[in-house]
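The two complexes that follow have chain A in common; it is paired with chain B in the first and with chain C in the second.
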Partner chain A sequence: MNQISIRRALVAAALLGSVAVAPLAMAQDYDANATIRIGSLYEPQNLDNTAGAGQGINEAFNGNVYEALFQLTDAGAVEPKLVDSYSASEDGLTYTFKLKPGVTFHSGDPLTAADVKYSIERVTAEASKSSRKKSLSTITGIETPDDQTVVITLSARSISLPYNLSYVWIVNDKATDITASEDGTGPYTLGEWRRGSALALARNDKYWGTAPTNGEVIYTYFTDATALNNALLTNAVDVITSVQSPDSLAQFSGNPAYTVTEGASTTKELLAWNDRVAPFDNVKVRKALAKATDKAKLLNSIWGDYGTLIGSFVPPTDPWYVDLTGVDAYDVEAAKALLAEAGYPDGFEFTLDTPDYDPHPIVAQFLQAEYAKVGVKVNINIITANEWYEKIYKAHDFQATLQEHVNHRDIVFYGNPDFYWGYNNPEVVKLIADSEAAATIDEQTAKLTEANKLIAEDAASNWLYLYPQIVVSAANVTGYPVNGLNSQFFAYGIQKAK
Partner chain B sequence: MSAVVASARRSRSSLTLWLGLLLVGLHVAVALLTLVWLPYDPTALTGGRLAPPSLEHWAGTDRLGRDFFTQIMIGSRIALIVGISAVAIGGLIGVTLGVLAAFATRLLDDALAATLDILIAFPTLLIAMLVVAASDTASLGTAVLALGIALSAIVARLTRILAKRVLLMDYITAARTSGTSWLGIVFQHVLPNIWPTLSVNFALQFGLAVIAEASLSYLGLGAPPPNASWGRLLQEAQGTVYTAPIGAIAPGIALVSLVIGVNLLADGLRDIGDPTRRVSR
Partner chain C sequence: MLFVLLRLLPGDPANALLGVGATEAQIAAARTQVGSDQPLLTQFVSFVGNLARFDLGTSFVSKASVLSEIGNRLSVTVPLTILGFLLAIVIALPLGIIAAVKADRWYGAAISIVSQLGIAIPVFWLGILIVTIFAINLRLFPSGGFPLKGWANFGEAAVALALPVLTVALVIAASLLRYVRSATQDVIGSDYIRTARALGSGFVEALVRHGIRNGAVPVISILGIELATTFLGAVVVEKVFALPGLGSMLLLAIQQRDYPNVQGVLFISTLLVLLIGFAADLLQRFIDPRLRGRAGVS
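Presenting the complex of A and B:
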């Protein structure tokens, strides 16, 4: 139990922003030239994050090889990185960024405003497959009055611009093919990349910022979680970036040779109603079924002692988080009463479209057993990921479905009535639209906090739990990120004891 | 000397038969029992997460706290239903096609034989997966139909060969000259003669069907949850195999015991039915 409470405390500390790295990172006698071997399941398809490389490239390259104007820290804060200072015009439509002086690319080329313009246009280009393309669509022009100044003009206010720019890698405009090579400004350069097995990063000794606390990082890729765990057990890797089930942890927790760290992920397990169709267009029905779900028991079934309960779509690392677990807390009697009030005293029957991979089928069976207690019959329909995309995401042809949503700051989906779950509360739509046009971060946060409370009151979806982010390492390795937001895994602070 | 060998062989074959009967009988008994009584409601969350085997829960509980033994008992019922129905469907289609091929003109027979050879070249499981994928939703019915269709090719080829051999017999010529219709020949002469071999083959197909259904369920293409197919239980236990190995061992034993039982039964039946192996006359 003690171990768990330590982990919980760590999560809390990380959320407050005071601790961004694993415990015991204070050891002085680390090996500054150590090789850190990181085991991962997410091998990148190529090395360009605008060319459909997958989440693996963010894990390996974000903050390590490439840097952005701003950096999303492991605690969820947005901090200037390649930007020295910036200002916004009164109307919020013009942003002026001054670049940090003395920054050079790995090729030796200095960082200039032209590189920034080139890099942003890479993401917004027609051919770009970047998931962030849409969030930068308000950009209408990028000017470079001098080498150190970038002026961005917008068609509408966008308070999230610095945040959105934290996803834009700054690439040398002279770089040619970055799908198989790189030219970034980060603390590491690309070493050997053996497709199908490993990607090595070598320390950049000419780095403009604080030097990494290790000499080399090798991401080693596995296709099977068991093989990955075995690699750590046999010392073939030093760190596993994210453990996918609590049951494989039994080999590591309680063993002094390993450290198990639980951070906060942004991955939410969601029972999404189709709010357009009866009976889920009735807020009472949605609230009743939220009350009929023993989420603590579900989380324990899936994740044992790990994971976090959430009362809405917002994880604790988003600035507009408030604890809403008390809204529609577990209460079977109240659920029955609400169902009767909604006109379903004898319950009803619905089909739950369930993706065929873990944990969705087991979650579906849990819900089936739970809802039977309030007279609601669940028919489980197992579908493939592709069917989910076609039937649910595109055609909106469903009653209810299960899905995990991995993105950071994605409450904005509830402001889009055409999104697959069809939630349409004009007040929320307006709050979310206005929040982007807010003049200050505080105003944006206030508006999104309000929207967050409203979606919880409306039980827009049934937010089941937040996945834990579990990192396991050899005990002599410290200083790695614990939250892994957006699959980032900053390697420059990792230390290996001598 | 030969008497000793003969008696040894006889006792071995009857042992095979009895062991097969015992294992299959056990599963049949359990399957029938589940119709009237179960230790727990299979969907009720009655215990803790992955509780080890105990007096209350003989095979422990799964991640949701459902009694594992109850699910394995239901698995017996599902396996038997799948085996029997798939063999019935496969037998009906296969025997019909096989007999038709045996009686057909040379050209049609060649075409059918070639088609069957092509179908057999595909693994049973692959054909079944294609059929399931082509249907809208996965269900026990679809899985059974898919397996039945997949098995029918093997049955059809065997029936065709056996029937053709029977059709060469003098008594068939005699029946034909005496004016017996071809349907009459099928029912009076062909089927009774090929039945012993076919029935052994059916028993083997039954075992195949049970394994194939478990594989389909393991891949998420079988009966949807909460139907407690052994394949699905194995799939769900995959992630917890280190912490709760009973979850993989128990359905594994159940599956193996039924399939071995059926195979032993088939062996025993063959020894009885096949005159070339019958040693005591």
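Presenting the complex of A and C:
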């Protein structure tokens, strides 16, 4: 219990922004030229985040090799990075950005407005596979009146523009073949890279900002979680970015040679109803099944003491988070009463399309047992990721399904009635649309907080739990990010004791 | 055939490339890019054309040249296979002969029993066992991985391969040993050994002068097959030891529907397996003059 509260306190501290980096960075001498060896399960497929490189490239390159106009910090704040100052017009349709002076790319070229224009257009281009393409679609023009000034015009207000720009790497417009090489402005340059094995980053001694507290970073990639854990046990890596198997934590926690930290992830395990079809078009049915789910027991059976319960789709690192776990708290009798009210006193039967990979099959079995207690029979139908995409995401041909949603700030999905789960509450749709057109961050936050409460009241989906984000390191290594938002893993603050 | 089977698999590489958030327009664009919107026949003709020029194309996912990536991966898989195999021979040959010659002694029987056990144990299990003992408990070797600079960092690369090689060797040695033992038994019971001994040779001398050559012929054809199996089976060992070899490349490529990579790996693997078989044939003919004559007839 004590241990849990310490971890919670750490998360809370990180959220308040008082602890941006991890744990208990002790006042000890560190080796400024140390090699930091990072073990990860997410190997980038190539080096270009607009070419389907996967989350591994964000982990290795965001903030390390490439920088953006703004940076999403580990605490969830959006801060200026390559932007010196910016202003928005009265109508919110024109943004003017002044670039930081004296920034150069690794190739030696200076950062200019033309590079910024090129970089944004790379993300919005037809061939781009960036997940942020759609959120930048309100951009109608990018002007570069001089080398240090970028003017972006929008077709509609977009309060999230700085946030969305934090996903846009600023790449030298003269760079070629960035699927296999790089030209960014970050504190590290790409060193050796061996596909299927490892990728090294070397300290950029000409960096415009604060120099990293280490000399070199090597990301080593594993496909097997056990092999990754063994690497830490045998001192072949210094830190594991994200532990995916709770069982393996036993060998690290309680051992003074290692530090285990739990941060706040944004990955939500979700039981999505198809809100278009009976009986899930009935809010009473959805609320009844939310109340019939002992989420604390489920989370504990999968992650032990780790992870967080959530009452809606919003994780604590989103600015519009409020604790909504009490809205449909676990209550079997209330669930039965609601089902009777909804016209299903004897329950009903439905098919749960379950992706064939962890943790979904186990979660499905748990739900099957839980819902049997209120007379609802669950037929588990195991499907592949590809079938999920075709049948559920595209064709909307399902009753209920399980899925993990990893994105930060993705409550906006509930504002799209055509999304796979088909939730359609005009009030929420309007709030979410209006929030993007908000004049201030406060207004945006107020509207999304309201939308957040409404989806929880409607039990739009059954939000089962938030995955933990667990980082394990050797005890002599400190200063790494604990939350890993947007899969980022800033390496420049990592210190290794002498 | 590989080509058609691969494309019959459900799942479009375009989807695999884009993931969940993609729009229809993005998917159509990706299809055009990877060519999966073309008729199968068109795809096939261009594939064969490129193959003839030894151009295996570029990966859908990594955009890297398939051939250079395979070359990179072979620098791990080939040494792993060959060293593992040689070590297996070094273990299996003497033990197999002892097991045959001293079958009536306790250690002869013990060798046979242990080898039986070796055959029964799955490779990945043996790999995990070896990691636990030599890497985690004794800290003698790394538990996995391969140095970033590859063989340019020779010492580290060699150390990284030590446990994988041992794993491969033990697995192969177990089955090889049984072939060596039965070949030796055949030789011991043969007329020519009896004749040689009758002419005054000692047992060991008879075995060395006449036995090895005769016994080697069936063993070599087995060796050829075993070497090919080792090469193809290296994928499991690569997974356990997190080695960037050909097997791990194939596994990932299949998951991602990265057809150029899958085809490239299968093509090169097939080629190498054929080469091994050919080499084993040549070696047999060299050892056994009778086979050379037969070659002329057929």
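Keep in mind that, in the parts below, the second predicted complex is superposed on the first by the 494 of 498 C-alpha atoms of A that agree within 3 Å, B and C clash if a C-alpha of one lies under 4 Å from a C-alpha of the other, contacts with A are read in each partner's own complex, and residues count from 1 in each chain.
In this text, contacts are C-beta pairs under 8 Å (C-beta built on N, C-alpha and C of every residue); 3 or more make two chains touch, one makes a residue touch a chain.
Everything quoted here is computed from the prediction, not taken from an experiment.
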Which of the two, chain B or chain C, is in touch with more residues of chain A? C
Classify the contacts of A:438 with the two partner chains as first (chain B alone), second (chain C alone), both, or neither. neither
Going by the contact rule set out at the top, does A:60 touch chain B (first), chain C (second), both, or neither? neither
Looking at A:248 after the superposition, I want to know if it touches chain B, chain C, both of them or none. Which is it: first, second, both, neither? first
Does the superposition put A:178 against chain B (first), chain C (second), both, or neither? neither
Which superposed partner A:142 touches (first chain B, second chain C, both, neither): neither
Can you pull the chain A residues that chain B and chain C both touch? none
Spell out the residues on chain A that touch chain B in their complex, using ranges where they run on. 245, 247-248, 250-251, 297, 300-302, 304, 356, 358, 361-362, 364-366, 368-369, 372, 380-382
In the complex, chain B residues that touch chain A: 43-45, 49-50, 63-66, 137-138, 220, 224-226, 236, 239-244
Touching residues on chain C, where the partner in the complex is chain A: 10-11, 15-23, 26, 29-30, 33, 61-64, 69, 72-73, 128, 131, 135-136, 139, 142-146, 148-150, 239-245, 248-249, 251-252, 256
List the residues on chain A that touch chain C in their complex, please. 45-46, 48, 51-52, 126-127, 129, 131, 134, 179-180, 191-192, 194-198, 200, 218, 220-224, 226-228, 230-231, 233-234, 236, 384, 386-387, 389-390, 393
